[in-house]
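Pasting the structures here.
One chain, subunit A, links the two complexes that follow: it is found with subunit B in the first and with subunit C in the second.
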Partner chain A sequence: MNNEANQKVLDLIEKAVPGYNPEQMNQGIEQALRQGIPVQEIKQALFQGLELSRKKLLTRDVPLPKFLLSIDVLDQGFKRLSATEDREKSGAIPLVIGVVEGDPHDLGKNIVSRIYSASGYQVHDLGVGVPAETFISTVKEKQAKVLALSSMISTTMVQMPEIIKRVKAVAPDTVVMVGGAPLDLNLAKSFGADGYAESAVTLLEETEAALERASVKEKW
Partner chain B sequence: MVIVKPKLSAELIAGLREKALSNLGYQKRVTPDQVTQKILSKAIDAVHQSANPRGIYLEAPIIGINRQAIITETGAIRSPRFARLAGLCKGKRSLVFMIATIGDEWKRGLGKEVSVLRQLLFDAVASAAVELVAGLVEKQWREAAESKGLKAGSRFSPGYCDWDLKGQRVIFKALDASKIGVELTRHYVMVPEKTVSAVALIAEDLPAAAPCAFCPKDCPWRKIPCQSST
Partner chain C sequence: MAVMEIVSSLRKKQIPPLGLIPDRVLDFLASLTSWRGKHSELTTIERLLATFRHKEPDHVPCAPLVGGAYRQLTGASFREFSLDAEKAIEAGLLGSEVIGGDVLLLGLDLTVEASDFGQATIYPENSTAHPDYSQPLIKDHTDYRKLKRIELKDAPRMQKVIAMSRRALKEKGLSAVFVPVISSPLSVLAMMRGAAQVFKDCILYPDDVMAAAETVTAVLIDYINALCDTGLIIAAPDMLFASESGLGKELWEKMEGPLGRQIAEVLHRRNCLIAIHNCGDKPYFDSMIRFMEPEAISFACLADGCKDRKEMKKRYGDQTAFIGDVETPLLFHGSPRQVMEECRKVIEDYAEGGGFILAPGCEYPPNHNLLNAIILVQAARIYG
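Let's turn to the complex of A and B:
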């Protein structure tokens, strides 16, 4: 098979993700495997497809439900390629996520967790109502590069500065991202966080920026 | 204290789709894809069949008003803007405390293996449903006030505007929420999750429906158009 034919099938896979077309994606993957395209290139096409969808989310051209559908298609593709294990082995960034103690709201955290997972992070989701000790021990155990803390209410959000302080004491290089309805940029900074995402839309850019700042020891 | 069990008619339920889509950020006249539509229909059916709409309310006297708060028998409503509005009301003034819920039963429709999309859509429908129930409970006390020739203001809830979430305590002290299966946790979270609590002013004459009248901020929860934007 020539490069042109390979590119054609990879384009088909890429477009199937934002187009929410699992049949097209499955056909594309089968065809790609028959043509001997390396799994890594197929995964790259899936990621590029998700990126197309995410850019449309950024510009509000697609609503969140449609973006989540794209993630579903990507996941189906990865399942077909049995790629989860590969991703873990290939140095995906370990990330711990959870909602602070006393807060039962899991939807926002679940969406964020899903986006991180689909974007290649190795996600350890601790769920809701997570005590500070659990965040600290899991960050240590998983050697997390990122800790994502969520709180949807002001009365539970106040635990964040203490959690961040304690995490930083045992894992100073872990980047702490915070998010949730009562937070804003200034609060996030005053809590000692390394990054803040206002919504799922800017999540990846903000996380990457925080990781970049941490890598060059730049202050936020 | 009045306990209400509002009925969610098929007509009212039909309006949930549009409200849920609006909550999800869909523009009017934009049709979601088939998968989203299908899950949304299932969510509406589940909420219709298993929601347990209940409400409780009480009209209580205002003991005093100062610059910072409205004083009631069960505590102070610490919102300077709401206190200012109450201070400008004419004639006999009172407050309504209310709580409305749809219960937790609707979550059974979610199933065990839940995709985030399914959670998101069910949550949007349940949020629209509890607002609907709160509106039906409000209708009852509003009509009761109006039948006495009084005017009723808009619902005002802890956690909004300048009223701290800890204000939930005053409402839960005034009402026996356990009668409708609602409780307040030590972090001031209402359980079941899809519950609305609020107070409202009742008076012979109200200068404005909501304390938004004294706020220059054009926030998404405004109940009165922002003067600077009109």
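Let's turn to the complex of A and C:
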């Protein structure tokens, strides 16, 4: 197969994500595998599709429900390609994510988790209502470079400073990102977090900035 | 007929429904009140009358949006506040004295309607009630059509809120306005299915979602009518999904807009003012106004399409009153001085020409001490 044919099928896969068209994506992946396109390139096409959708979310050309469907399509694609196994082999950045104890809201966390996953992080999603102890033990076990904490209600958000303090005691180099409706930048800083993302739209840039600050020991 | 109803309310020392009074009379009264407000302190009802008719009162009214945080005044736990209406209203009435404010929240928590439909609900001691998402009432899209209409007599939690409204009106009469928050049809479904799933179902299975949403709307209308029977003068439908945090504008107008219109028509027919609450990102003011004609909108973020507060006031300030938009996180981490300063700025941006009520963008943090709620009320007096 020539490059043009490969590019055509990758384009098909890429467009299937923002078009939330799982059939098109499945056909595209099967075709791509038959043409011998490396799995990494297919994943890249899927991710580019999500990026397109994420950017359209920013410009309001895509509403949240359609973005959620795009993520579902991407998830299906990654499952087909056994993404997790490959990413673990490839040495992606290990990241632990979860909603703090007592909080059942998972919409925001799920979006963030999937964006991280699609962006090449090795995501360990602990779900909702996660006790502090579980965050700490998982960060240690997975040697997480990033811990992402979410809370949608102020009654549960107040656990964040203690979790961050305890994580920093055992894993001082782990970068802690926080997010959720009751938070803002000032609150995130006062909790001792290393980064804050107001929404999924700025998530990757904010995380990269926090990692960059940590690498040069720059104070936030 | 209207005159008799007005007289009857006043005899009971209750605020008469403003919707009963012809617009021209209201405008005349509001102008008179506004003039009087330049020389002396107004009562809550006078202040609100001027505000809702877009005249400047003595100072801007305040809606501190304290809900669950009231329980701190009586020592009730979150669980007790949600399940024991007597304890909840005791705390609210005490809050109206201790903290003050002109427009006060009335209710238990956001799960009231969904739990009456049968959604399993968790009531933690130290946090707000929430659905048990491990047991969603609507497990897949085929369950939407199985949702059955419930009778209000079989809805114990809504009955509790109705009883609270009756008691609040009896005890506070003309001195404060308690306002119940009523979940929108899709918000109720989100409690039974999860918001993300409802959003996706609106695209994939819109007819199924609509069938359930119509069932919910019918029950909400019964609930609203029963609340209006208590003498309610303002209700706050929560229309969060009419924002970028919810559905896209087109989808909201297709799915929930018409149901919002039904709800609004009932409220207006019952002479009840509508103060929509929408704490989402970029709320669709134009759509909400078009479908529901609210007298006020409570918001946390700039309206869709507006780049700053000035533009928002210019575009919508003569169409609806504004309730907002002190940042809720600031109430949590800000010092009283910072909160005062923020209130001053918000008042400066919105209050000119009337039609503005100072409030947080969303419910006052329910576990945080009440000092900054008192600051909000004081800031309205000082800077408003």
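Quick notes on this structure:
Simple rule for what comes next: the second predicted complex is superposed on the first by the 220 of 220 C-alpha atoms of A that agree within 3 Å, B and C clash if a C-alpha of one lies under 4 Å from a C-alpha of the other, contacts with A are read in each partner's own complex, and residues count from 1 in each chain.
Assume a contact is a pair of C-beta atoms (placed from the backbone, for glycine too) under 8 Å apart; a residue touches a chain by one contact, two chains touch by 3 or more.
None of these values were measured; they are calculated from a predicted model.
Three-chain overlay on subunit A, with subunit B and subunit C in a clash.
When the two complexes are overlaid on their common chain A, residue A:213 makes contact with neither subunit B nor subunit C. Touching more residues of subunit A than its counterpart among subunit B and subunit C is C.
When the two structures are aligned on the shared chain, A:183 is found in touch with subunit C, with no touch to subunit B. In the superposition on chain A, A:114 makes contact with subunit B only, not with subunit C.
Applying the stated contact rule after C-alpha superposition, one finds that A:80 touches neither subunit B nor subunit C. Once chain A of one complex is fitted onto chain A of the other, the partner contacts of A:102 extend to both subunit B and subunit C. Residue contacts after overlaying the shared chain place A:168 against neither subunit B nor subunit C.
When the two structures are aligned on the shared chain, A:68 is found in touch with subunit B and with subunit C. In the superposed pair of complexes, A:153 makes contact with subunit B and with subunit C alike. Comparing the two interfaces of subunit A, the one with subunit B and the one with subunit C have residues 60, 63-66, 68-69, 72, 102-107, 110, 153-156 in common.
Contacts from subunit C toward subunit A in the complex involve residues 78, 122, 124, 126-128, 130-133, 194-196, 199-200, 202-204, 244-251, 281-282, 327-330, 332-333, 362, 365-368.
Across the interface of their complex, subunit B is touched by residues 20, 60, 63-66, 68-69, 71-72, 102-107, 110-111, 114, 153-156 of subunit A.
Residues of subunit A that touch subunit C in their complex: 60, 62-66, 68-69, 72, 102-107, 110, 128, 153-156, 158, 181-184, 186-187, 190, 199. On subunit B, the positions that touch subunit A within their shared complex are 24-26, 32-33, 35-36, 115-117, 119-121, 123, 159, 164-166, 185-189, 191, 193.
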